[in-house]
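Quick one: structure below, then a few questions.
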Amino acid sequence: MPFVHRVRPRYAEVDAQGVVFNAHWLTYFDEACTRWFDAMGFAPAEAFFRDFDVMLVKAVLEWQGPAGFDDVVDIAVECPRVGTKSFDVRYTATVGGRGACVGTITYVSVQPGTHDSTAIPTTLRRALETDAGVSGPPGAPSPPAR
Amino acid sequence: MPFVHRVRPRYAEVDAQGVVFNAHWLTYFDEACTRWFDAMGFAPAEAFFRDFDVMLVKAVLEWQGPAGFDDVVDIAVECPRVGTKSFDVRYTATVGGRGACVGTITYVSVQPGTHDSTAIPTTLRRALETDAGVSGPPGAPSPPAR
Amino acid sequence: MPFVHRVRPRYAEVDAQGVVFNAHWLTYFDEACTRWFDAMGFAPAEAFFRDFDVMLVKAVLEWQGPAGFDDVVDIAVECPRVGTKSFDVRYTATVGGRGACVGTITYVSVQPGTHDSTAIPTTLRRALETDAGVSGPPGAPSPPAR
Amino acid sequence: MPFVHRVRPRYAEVDAQGVVFNAHWLTYFDEACTRWFDAMGFAPAEAFFRDFDVMLVKAVLEWQGPAGFDDVVDIAVECPRVGTKSFDVRYTATVGGRGACVGTITYVSVQPGTHDSTAIPTTLRRALETDAGVSGPPGAPSPPAR
């Protein structure tokens, strides 16, 4: 079961078309990432900046349907890939079971306080791999039951 | 020469890492799109909603380097593809000639006031194709000199 | 006991000084208002626009201290004044019991779908007055125990 | 003549009522402040954080009318008060000469990199007082001709 973060779009985030403005999905996914790290045991305001930090290098967003003001938006978070210095996180947002937006974001590990890439620290790697194992890469054999 | 829109990142848009927060790039690209439509002769607040409207179906963002508070960010706007109901716009953002962020966004034409896709109206198609001809699809022969 | 809404500032909302950027407090208070209306029985996405709507005419914000990324921010919501066409809501935000920001916002009732002011509808008035009675104006006698 | 900063509200900043969402006015005023400091000779990205810094302690906003997507919003910036450690800036936003929003913001001077208040540095004070002299406090005698 992937980690799921729930968001209720704010009135401020809905545009004149009555739907969440596109950019806010990246903010929702960032918030989901914060809560996911928290759930994995990394206190967001402490672990980041001190133990490790990340920057985005790529984001792919695909919209399947709208989300409106105060809708119940559930964002499932999975880690399909962990590399040496970078990893991918996939965010799958649904509204009442209907697809809304899927984002895949590639993060690169950087030295805290800098923009210099660095190997993903071991504690972070272990957590991501555990999660990657749970969610599994596309086409990969199922992970052993747990 | 592609259309270029200039943005100076607001203090509010720069995060604790001292760089523009990722989601704001989509907002910058949206603002660049507004000014580009304006330059093509479509008054943004009038043409949209009445003559045509668009929704995003896909966005691919790649970051090459940071942009900071009040940097001079130039965003070149090009239309590499025009389909029947959808088209792509590529946004190439640079800071002092250095790459910052490239976004390719796929828009689908919708009936104003609805979320229903529809063929791109002729006036819009003509404008996009003119621009598409200027910038040219990847691998396409160069447009004639102008 | 006033209604309390909890907010965890997003990374995107914290600026280069490491604190929540000032404008976001208005967004937090708006979100708190949404949940407060919800708690009073007005489903936000339905009641607004159909039964009544409001626009802001005045906001007074005072900051006592900072809030940072992922802090636990509690926003108490009270209605100290209900007039004929307008009412005030006071938002008192604290971080771990320490004052962060107090906002008093004056809303005017408008005809849904317009910007025309109108008398506060009875159902809304009743809810606000009940809350106004609970929280009470400064210096007013305590409401009877309930 | 006060300094005037022009803003064109972004599509992202207009809500389902078709008007600029309230919180964005604080962001517009912040951007106007950046450009005003720039015009006074303080390069925003350098002077702040190094020579001086400020934090908001109070903001009073009053709305007179709406601003919509892509409207031409002119924000006049004036400094009606300069104290020892704090100063006020008044932002008067109009759309085609019609009032939209007036904000008065009180800033306190802080030691760069800290939240500790400090006397307004001399160079900043001199610039603010010159501007304060131009705009003049309410009811004050006119400044001498310049």
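Observations, loosely collected:
First chain written, first letter: the chains are A, B, C and D, and each begins at residue 1.
Here is the rule we go by: a contact is a pair of C-beta atoms (placed from the backbone, for glycine too) under 8 Å apart; a residue touches a chain by one contact, two chains touch by 3 or more.
This structure is a prediction, so every number in the text was calculated from the model and none was measured.
More contacting C-beta pairs link the chains of C-D than the other of the two pairs C-D and A-C. Judged by shared residue numbers over all numbers used at their interface, chain A and chain D contact each other through mostly the same positions, with over half in common.
Set against the C-alpha centre of chain C, every other chain centre is closer than that of B. Taking each chain's centre as the mean of its C-alpha atoms, chain A lies 37 Å from chain D. Measuring from the averaged C-alpha position of chain C to that of chain D gives a distance of 25 Å. For this pair, chain A with chain C, the centres built from the Cα atoms lie 31 Å apart. Residues of chain B in contact with at least two other chains: 11-12, 16, 21, 23, 27, 30, 69. Across the complex, chain D meets chain B through its residues 8, 10-12, 27, 30-31, 34, 38, 44-45, 68-71.
Every residue of chain D that touches chain A in the complex is listed here, in rising order: 11-12, 14-16, 18, 21, 23, 69. Per the touch definition, chain B reaches chain A in the complex via residues 16-17, 19, 21-27, 30, 49, 53, 55-63, 66, 115.
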